[in-house]
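Following: one structure in structure tokens, then a few remarks.
Chain naming follows the written order as A, B and C, and within any one chain the residues start at number 1.
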């Protein structure tokens, strides 16, 4: 490894291409932590946004008018306002309303930190899109299939969990794919409330080393790879979910 | 409940009215089915025969009248649908298997999920049922990998797995290729011979004549005529019945 | 062994139109605005520890914030125009018959489409010089102009995809019919294909505009004086009172909602109208 680090150090001294997050131990650690934070934040938001989508789509099929209205209101509000402002609203406006808790050092700190607020805010943002996506999938399940389950005595919840949702999932994978890719890209907004994710750490490094160009190109490539991995994973999943015997 | 299997009808339909919006589908239908009976409902399309049997297991609700299944009133807002559907099985024209489950899973699912049966017991029972409908070896096939006739037989097995007291067959051969109709009818015939109570909506007149204990002819939402097959097919009284039979035979 | 069956496994998936509140009227929007802005203000007003009510302070600042919002709109118009122009060309490149053009256009499109908007904005902010030197003329590049350039990059990539998708979605019979009438490829594209595509491209293009408009607040992170930056400054000028946070951020949310929601509704209406015609 030392050989590689040395090579990048030489690269810097010879050509001026400065990649300290490879050869410098401190910067390497910062960058790795940033990458992990981005991945972790993405996974949490992926998980909760899908949960929100599933529950929201279920509530949208409710027979109560006000339940449907509230879900629709949520969707419209989160789709038609900037995610950054949503994040600020959650972090500053709601975050300061919550009681403060005692921290390890005897002082007080906010109940939820910036990472938690970023996770909550982005999950709700992506969730609003997932509700619509799942709803279209549910509508693609033929009524006759649901009736067959009804005739077998399945309850509404069992039908949703065992029949409708698994079938709907299969048809909405491409649309969900797009939304989840967007979500991963949107995690960069967490930078604005100082969550130490990849963009934030890259910014720290270029402030210290004055190597904006290198860091920028690295960032673009890194997100390109992250998104690529997600897409490849989703495609693999889509193939695994394919029902034998049907297109 | 004072219902008794020996003396009371298993399914008792009295004066049932049903309309979809302004369209009247059932205009006062009355019929009784005794335990072990096989009855066939025939009639022109749009005469309400499918709606009638869908009402029996509450897939459609009715406006007025009464449907008693083993003493259980279907036209009751507080009806326990689960209780009803344990008693009544149904097989559909389009099979309606769950496409993402194998044949075996399709059959096992309801006993495990709805009746909370032990998985091992259900699996053994499901394999037994597959054998009964002559589909041994197909347990791991998905519906998409089976022919229409095979899918329909899985659907019959799926319905049997709930151990219903009566099975409704809604034009179960109408969507099938002609060459696979026979295998499905054979399966139903065997069921009938085993003493299963069956209510069939069908266009297969020869089959109806062979297996039915009683035939009902419906037109425009009423039962025009009914009787045992030999008299029904030989000397139908009503001109509408005669016209229908002359067109179809 | 597999048989073809007529089992309707799944119905075709229709992208679900946002079920809009058909009855959402101005008074409803006003109510929502009231609840998000005034509601929290009232809660705090009762504590009485501040001399001036949050609502009064918000009203004082509203003209400035509105002018900031107008600046957001200016940025959105600029980035949309630029992105559409370059993206349109890139999209045509993606359907070019010349393989290297096609491949390189595809690569550029994919690269900028998969990059986070904020990173692209940083990219433009830090890597563009503060002034351009053209033939001895010094052309200053202010921050807001760099923001337009930065935001136009993802717009460009998305427009490119919209163009490619629309051209691909036309039945090949259109190309063949035009070819049999001895149109050149260029004529076919401009006279036959693109006019038909416009209808298909309009809804996703408007959707993109809506996304772009909401992305203009990102410019606040890189220091452009748009509505978010001004909100931050206003809050600082009032001494960081916590009771002001909800009304101020609420106002920004409402401003964007009032602007973007009708666009979304109009897009759904257009989609519906075109799907009926086709």
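Side notes on the structure shown:
We adopt the following convention: contacts are C-beta pairs under 8 Å (C-beta built on N, C-alpha and C of every residue); 3 or more make two chains touch, one makes a residue touch a chain.
All of these numbers come straight from a predicted model, not from anything done at the bench.
Counting steps between touching chains, the shortest path from chain A to chain B takes 1. Chain A has its Cα centroid nearest to the centroid of all protein Cα atoms in the structure.
Using mean Cα coordinates as chain centres, the one most removed from chain B is C. Chain A and chain B have CA centres that are 49 Å apart. Here the spacing of chain A and chain C, counted between their Cα centres, is 20 Å. One finds 55 Å separating the Cα centroids of chain B and chain C.
Of all residues in chain C, those touching 2 or more other chains are 2, 8-10, listed in ascending order. Counting only residues that touch two or more partner chains, chain A has 142, 144, 167, 170, 243, 245-246.
Chain contacts: chain B has residues 94, 97, 99, 143-146 touching two or more partner chains.
Contact residues on chain C toward chain A in their complex (touch as defined above): 2, 8-16, 18-21, 40, 111, 114-120, 122-123, 126-127, 210, 214-218, 220-221, 228, 242, 245-246, 249-250, 252-253, 256-257, 260-261, 264. Only residues 57, 59, 81-82, 85-86, 88-90, 92, 94, 96-100, 109-110, 113-115, 142-146, 155, 158-159, 162 of chain B touch chain A when the two sit together in their complex. Residue ranges on chain A touching chain B, taken from their complex, read 142, 144-145, 147-155, 158, 162-163, 166-167, 170, 243-246. Of all the residues in chain A, the ones that touch chain C in their complex are 60, 69, 72-73, 75-77, 79-86, 88-89, 92-94, 96-97, 132-133, 135-137, 139-142, 144, 167, 170-172, 175, 181, 185-189, 191-192, 199, 203, 206, 212-213, 216, 219-220, 223-224, 227-228, 243, 245-246.
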